[in-house]
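Report on the structure given below.
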Amino acid sequence: MVRFVLKNLISGPSTRRYPYVVRPAFASSRGRITIDYPKCIHCGACARRCPAAAIVVGKEPKSWRIENFACVTCGLCVRVCPVKCLGMDPERPKSVAFADLAGRVEYHVTAVASEARSSEARSGDSEGIAGAAGA
Amino acid sequence: MSSGHEAREANAPSVIPFGPQHPVLPEPLHFDLLLQDEKVVGAVPQIGYIHRGLELLVEKRDYADYVHVAERICGICSFMHGMGYCEAVEGLLGVAVPDRARFLRTFWCELERAHSHLMWMGLAADAFGFESLFMATWRARELIIDVAEETAGGRVIFGSAIVGGVSKDPSDETLMRCMEALKPARDDIKKLSRVMLQDATVRHRLEGVGVISKEKAYELGAVGPMLRASGYDFDIRRRGYAAYGEVGFETALETAGDCMARAAIRIKEIEQSFSIMEQVVAKMPAGPVSLPIKGMPPVGECFARLEQPRGEVIYYVKSNGSRNLERFRVRTPTFANVPAMVEAMRGASLADVPTIILTIDPCISCTER
Amino acid sequence: MKGIEIYVAIAYVILGPIVGGLLDGLDRVITARLQGRVGPPLLQPFYDLRKLLTRRIAPVNSLQMPLIASHLVFAILTGVLFFYGSDILLIIFVLTLASVFLVLAAYSTGSPYSTIGAERELLLMTAYEPMIIIALVGLFGVAKSFDFYAILSSKMPAYLYLPGIYLGLVYVLEMKLRKSPFDLSTSHHAHQELVMGLTADMGGPALAMVELAHWYESVYLFALVLLFFSSSWVSAILGVGFTYLLIILLDNATARVKWELALSFAWIVALVAGAGNLIPFYLISRGSP
Amino acid sequence: MSSIERSPWLIHYDASSCNGCDIEVLACLTPVYDAERFGCIVTGDPKQADIFLVTGSVNHLNAPILKNIYDQMPEPKAVVAIGACAYSGGVFAECYNVAGGVATTIPVDVYVPGCAAKPESILDGVVRAAMILKEKEKAGRKARALARKEGRRSPKRRAGGAT
Amino acid sequence: MTEKEIQTIDEIEPGRLLPETDALRSAGWRLVQVLCISSPGGSELSYSFGRGLAMKSLRFRALPDDEVPSITSIYPAAFLYENEIRDLFGLRIERIGADWLGKVYDVASGPTGGGGPFSKVTITGPRSEGGTI
Amino acid sequence: MTLPFIVAVTPPLFGFIALIIKDDRVRRFIVITGAIAQAALAIALAVTSAHSLPLRLVATLPGLDTWILGGELAMAAFIAVFAVVKRRAFPLLLAIAQAALALVGERWTGGVEAQAHFVVDQVSLLLVIIVGVVGGLILVYAAGYMKTFHEEHAAVRDRRRLFSFTMLSFLGAMYGLVMSNDLRLMLLFWEMTTLASFILIGYGGDEAAEKSAFLALNLNVLGGLAFSLGIILLAARTGSVELDVLLAAAKGPEAALLAAPVALMALAGLVKSAQLPFTPWLLGAMVAPTPVSALLHSSTMVKAGVFLLIRLAPAMSGTTVGYIVSFIGILTFIAGAFAAVSARNAKRVLALSTVSNLGLIATCAGIGTYELVWVALFLVLFHAVAKALLFISVGTASVGTGSLDIESMGGLVTGMPRITLFLIVGISCMFVAPFGMLVSKWAAMEAFMNLNSIVSPFMIAFLAFGSATTVLFWAKWMGLLLRITDPTAPRGLLEDKVTRYELFSEASLTILAIATCVLYPLVSKYAFEPYLLASYGKAFGLDRSNMLVTVLMVGMTVAVPALLLIISRRSKEGLSTAYMSGRVTSPGLGFKGSKGIELKVAMHSYYLEGPFGEGKILKAGIAAGILLTLILLGTVAI
């Protein structure tokens, strides 16, 4: 072990300096569900099959929302959607403070019918830890 | 009432609660430990902290979707849980998955075994206070995890097993590249194994500790490395499920039956996994990776048996012809190993308790479901 | 006679924790690097200490805090006496007193992990004390004095005469500094069978005091090592630095041993390396006045 | 002023997690992620911990334990619930022995998404929790100062004679 | 690739459990699992034994009020299976070697009136208060 | 009549009165008055004679040697009667041997005229004060304790009159012993202490008591025989039976002639101070009521043994006999310390520690340099006070807890806070710097270092291991006492049976224990250094500044925790619960264990049977001790 640890000392740390250095996700990573909302027909298949009951589809008024924190990224909804409007984004959602969770529904990566926005558009709102760690 | 003073019987043992929150136990598990000095004279385990009752959930889920629950029986041997469930259901349905799916399953199984064993090695090192060994093994493990994420999409919950095949199809080049990326990990593991097996302090902690004889191990129903370390040749992969019939490997065997033997078995199996993965990648057939599964399962029942990192796992499914199965049951390896662990604990010293608990590589999550 | 010593002793009280904290911080950085990690900032121990001091946590009983505070006071006192130039053999016994307070604090909680930690700490004390005493006796043999400054100024390269004793001392310092393979009673890494052992029931300021005492202790323990290399400045710096690195390296290259081995090995080391070095040394130097 | 965000010590408890999130918590400590960069130490001891990492869902057997650990932690403290299970029970939400997420038992400060949560996400969560701790500490100090001004002694003053 | 040959299941009379088990043990088989399936009319118990790669099971039905003998006298390691079945299915298993007193999982919806969370038995008679689950 | 004589006869006088008074309360008054009176006289003797030491006294009793012979024969007859009544052959044999030796020896010792029958010097006075003050306090304690003892042990026949008489006479015999210069007189007192201890050890009257009493008797009479043989040889070879003559001669050309008598007398000292291989008698003596143990271990009996060894130190210094004695001593030191680790019975731990400490004294005496004699004298002083305190406190504690098992003292601080304080002080004095015993050990190390002999490194190594081990069992015990499992429990619930006599003695001894640690530099300066100067021509004291440091530290060790404790006195509501692995805990550390069964944490200390098993260590020690004793006897033969 002595030789091994001394080699570590010489060859330098193998730490990925997250959050200063962020490695891009693998293309096949299960990160989070995205929706191409205009295509959605509100059939509810995704919500019915979701094992974590993370998706709620409203028929009247029409809405589709997902609780990212409950989603287990199994990808089942993506597979069952008849119009293939759901997708899997390799980037993971950010952690969230409880207070924000209650006050700002966006963190649910929700897209409501009236403001048809993909979850993608919302990711900017979440605070990464870069700011925090820099402090 | 209490005067603060405790009347004692002479030579009565100390009673201490060990767990459920205990840093050395990654999972909650409780023991009433009875100690004389530091010698363990009694250990009564209590489980149930992770019991979810997920077997019953099969009644509420579509039989094909349930695989996502099955995967989450455990985050360490997750892929094989998913796959084992699938094998059982496929047996019920009487379908054979495509060849490429069989090979990919084998690949992921072995990837999982390697990462599980490495994880174990790190945790064991940590349990006997060898922090840098823990760090080193887990660093090597990260490379394996990366391969998992790249090929299957998940780091620990691979999530690629589905009824009828697999859901991801990494290209042959990706697989080759991954095998290449694993090289440094393999080198590191070779060095670390030497430390694990030869370092004097490690040997002091492992040799002769928690010995289980071959007969006892067999008798008590031990499986996996626990059984093989006592010298009994038993490896369900020999049945040749998935692509195991088409790859060559030698069962790792040790005879001492102590913690060190179990460590040696796992170390051998890491290398074995790499070699199986290499063979699988080399022989990887082309073609589709899944079958479309439609309709209801027929009435019937089916057992499936797999070799998990911790030993033989038995899945059972029973269908009554509806979309929801009637019964799903999994007998996990740790469940089978518990009697042997309790046996191994007898007469150990307090410092050995974590080591012994860890050398069966317990997975409480699997055990309690 | 005593003039400068008083100032050194006062300087120790003030600077001791700074030096001790830095040693600790550097240790953590080096350890991290040895493990292939980046590790914490060098000043991390000070952040930790400051945080601990601001935490608000009730003690387990009314004895716990006074005992821990006594531990700190006597740990400091040991160092003060040490740098004041008192008899170092006496100091080692005072050191035991300081440790006993900590052990008692742990016992007083009645909780299982603290108690076992306390028992193990006692075993460790039993294990390392003979070697430390023998080391001091060896130093006395070289310098014919038990006074820190007298030994320091004797300019004898003690490590040449007492190689076995030096190694034995390094061996038991691993215990005293709570390093692997002897971090049985408590350790900075929680992943052990005793949770935090000795300090399991100490949080916030209580732990801060224990840490602080530990820093104070490490300063004079390394000063003790210094005595083996006091022949020149260069050898002093190299010697202590080497010892420091050696201890960290050992920490990272070993598993934690069980108490049986810790005790028997420490004693064997004390007998073989310690007494085995002492006796021939004694025979040779007996002729000299 | 505050140093708590520079030295957030962690305690981890596996409520009824599937191990997936657990091993990712452990992975955070290992060289590739190295949580010690942020001053984190994993201590097994609630009395020394500032941030409580909980993985998995709550059931009636582990709820009192969660509560106990939480209670034994000194003020101020933060709870990070890791993974879908700790949020809602995840895929197990409907199981008979699952009472729900961590918030059913103790107040949660940060949620970390994922199943399993990735080490990066966990680091995010820990750092976030450290910021929250800092806020809490400030607020606590203010409250105590106020209380002192009013001539009352804050009821939770530390007992113990050392400082 | 699940092979049917691993599923040799012998239906036996409940009373034959101990002698059959004993015979299997003498023949070198070891216990690999005990499986319980609950249905309104009673429970079905399957004791599986392994020898090498082969597996065979003994199966019988237990009516709601039947007392099932423990096989811990033959296979001590069976205690965990039996405790589990007793707690989760509310089955009566007598004289288990290491008895967990109904607390092996200590489930929230604990045995109500003799049933367990997995129990589907419709109980009549003295234990019926809890009803079905 | 001179004061020394009054000091010596006062206790037996009160003893006689106690013997004839039936009424408990009156007798208790008499005993306590006697105890106080003799203590006061002892102090008075010390104060008045301090300037004129050594006092040399000649007994004017005509026919003194006939009286001595008569006394010897009477005691032999007494033993013989007992042996016959109890049907024991060996003691009878010994009694006959003793009588025979006395008669035969008369031929050489009979006509010898002594220059001074008694010599009172600093060492005598040290012992006189210990016997007077510590012994007196033990008697006061006994007045309270024995009452409770008989209430608790209904089966034991109440022979408190005999008890009081014997205890008091014991002190008288000790006074005589430590002041004797005429060895024949010393032997007479020596035998008296043997007899007194025999009666006291057998007080319980049951099988075990009888067995232990006879064991003590047998070994000590055997020792007495050696003593008596030694005197005869001395008289035969030098024509003198005086100690100071012997010591003076040891430095002269006749030294070689003296080896055998010195060896024999040292042997007697070793037996009496329970050195290996003779240790078992003292361990067996534990069966006696606590005040007896306290007396035997602190101020009388065993101290008589080491007293003789210290007296002989100048004669042993540098001789083979001296080295053998010191080896026996260091062996006993280390074996006692090791064996105490695995002992669970409180009195046994104390007994083993006594044995161990006496071993160290014997070691110092055997090497016999002035430095080591200084150490030995301090060890005698510190040990006497601390051990007496410990024994009587343990006695009180055992009444409260109903057991002598140290485990049953877990958390005693809640149930008996005052007794715990006494015990803590006593224990501290035994093993931790800056208290007495450790200061002495430290001084011993320095002395060995200065000795510059080949034995030094060995002795230091032994000392290092032995004293490291003492930490183990003392600190463990201390921790046990302070273990608070339920901080909310009311305090002092177990103290209701504690009598004020007990509290008085314990409190006095506690103060005395601390006082000796503070005042020892003065004792060194005004008592021991003059003595050493007189008998060695050289004085020794630790470096003054170091002594000052230790004294200051004693102050701190007492003051700091006390101060902190006072500062931290707060209401109990702010307490948190102990860490229990996440378990919810009920008061007294109860928790819900496996299978839902309610359990309570029970922590037991470590006894480490493996490495420190008492049985095997003692067995090995006795074997080695026998070997060394045989070698010692071999030197006699040569």
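By written order: A, B, C, D, E and F. Residues from 1 in each chain.
Here is the rule we go by: a residue touches a chain if its C-beta (ideal position, glycine included) is under 8 Å from a C-beta of that chain, and two chains touch if they have at least 3 such contacts.
Here the structure is a predicted model, which means the values were calculated and not measured.
J.: Check every other chain and keep only those touching both chain D and chain F; list them.
T.: B, C, E
J.: Among all chains, whose Cα centre is located farthest from the one for chain E?
T.: F
J.: Distance from the CA centroid of chain D to that of chain E, rounded to the nearest Å?
T.: Chain centroid spacing, chain D to chain E, equals 41 Å.
J.: With chain centres defined as C-alpha means, what is the inter-centre distance between chain A and chain C in Å?
T.: About 50 Å, centre to centre.
J.: Cα centroid separation between chain B and chain F, in whole Å?
T.: The computed centroid separation for chain B versus chain F comes out at 64 Å.
J.: Using the average of all C-alpha atoms in each chain as its centre, how far is it in Å between chain B and chain D?
T.: So the centroids are 29 Å from each other.
J.: Counting only residues that touch at least 2 other chains, which ones in chain B make the list?
T.: Residues 14, 16-17, 20-24, 28, 38, 46, 48, 51, 53, 56, 68-69, 72, 132-136, 139, 154, 157, 199, 368.
J.: Which residues does chain E have that touch at least 2 chains other than itself?
T.: Residues 103, 105-107, 117 of chain E each touch two or more of the other chains.
J.: I need the residues of chain D touching at least two other chains; which ones are they?
T.: 13, 30-32, 34, 37-38, 42-47, 59, 61, 65, 69, 90-91, 94, 96-97, 115, 118, 157-162
J.: If you go through all the chains, which pairs of them touch?
T.: Touching chain pairs, listed by label, come out as A-B, A-C, A-D, B-C, B-D, B-E, B-F, C-D, C-F, D-E, D-F, E-F.
J.: Flag every residue of chain A that touches chain D in the complex, lowest number first.
T.: Chain A residues touching chain D: 13-19, 22, 32, 51-54, 67-74, 92-98, 101, 127-129, 132-133, 135.
J.: Per the contact definition, I'd like the list of chain B residues that touch chain E in the complex.
T.: Residues in contact with chain E: 46-48, 51, 53, 55-56, 87-88, 90-91, 96, 102, 218-221, 234, 236, 238-242, 245, 301-305, 312, 314, 316, 318, 326-327, 329, 331, 335-336, 338-340, 368.
J.: What residues on chain C touch chain A, complex-wise?
T.: 30, 32-39, 249, 252-254
J.: What part of chain C is in contact with chain F in the complex they form?
T.: Residue positions touching the partner: 57-63, 65-67, 69-70, 73-74, 77, 81, 86-87, 89-90, 93-94, 96-97, 100-101, 103-104, 106-116, 118-119, 122-123, 125-127, 129-130, 133-134, 137, 140, 146, 195, 200-201, 260, 263-264, 267, 270-271, 274-275, 278-279, 282-283, 286.
J.: Quick one: in the complex, what on chain F touches chain E?
T.: The touching residues are 594-597.
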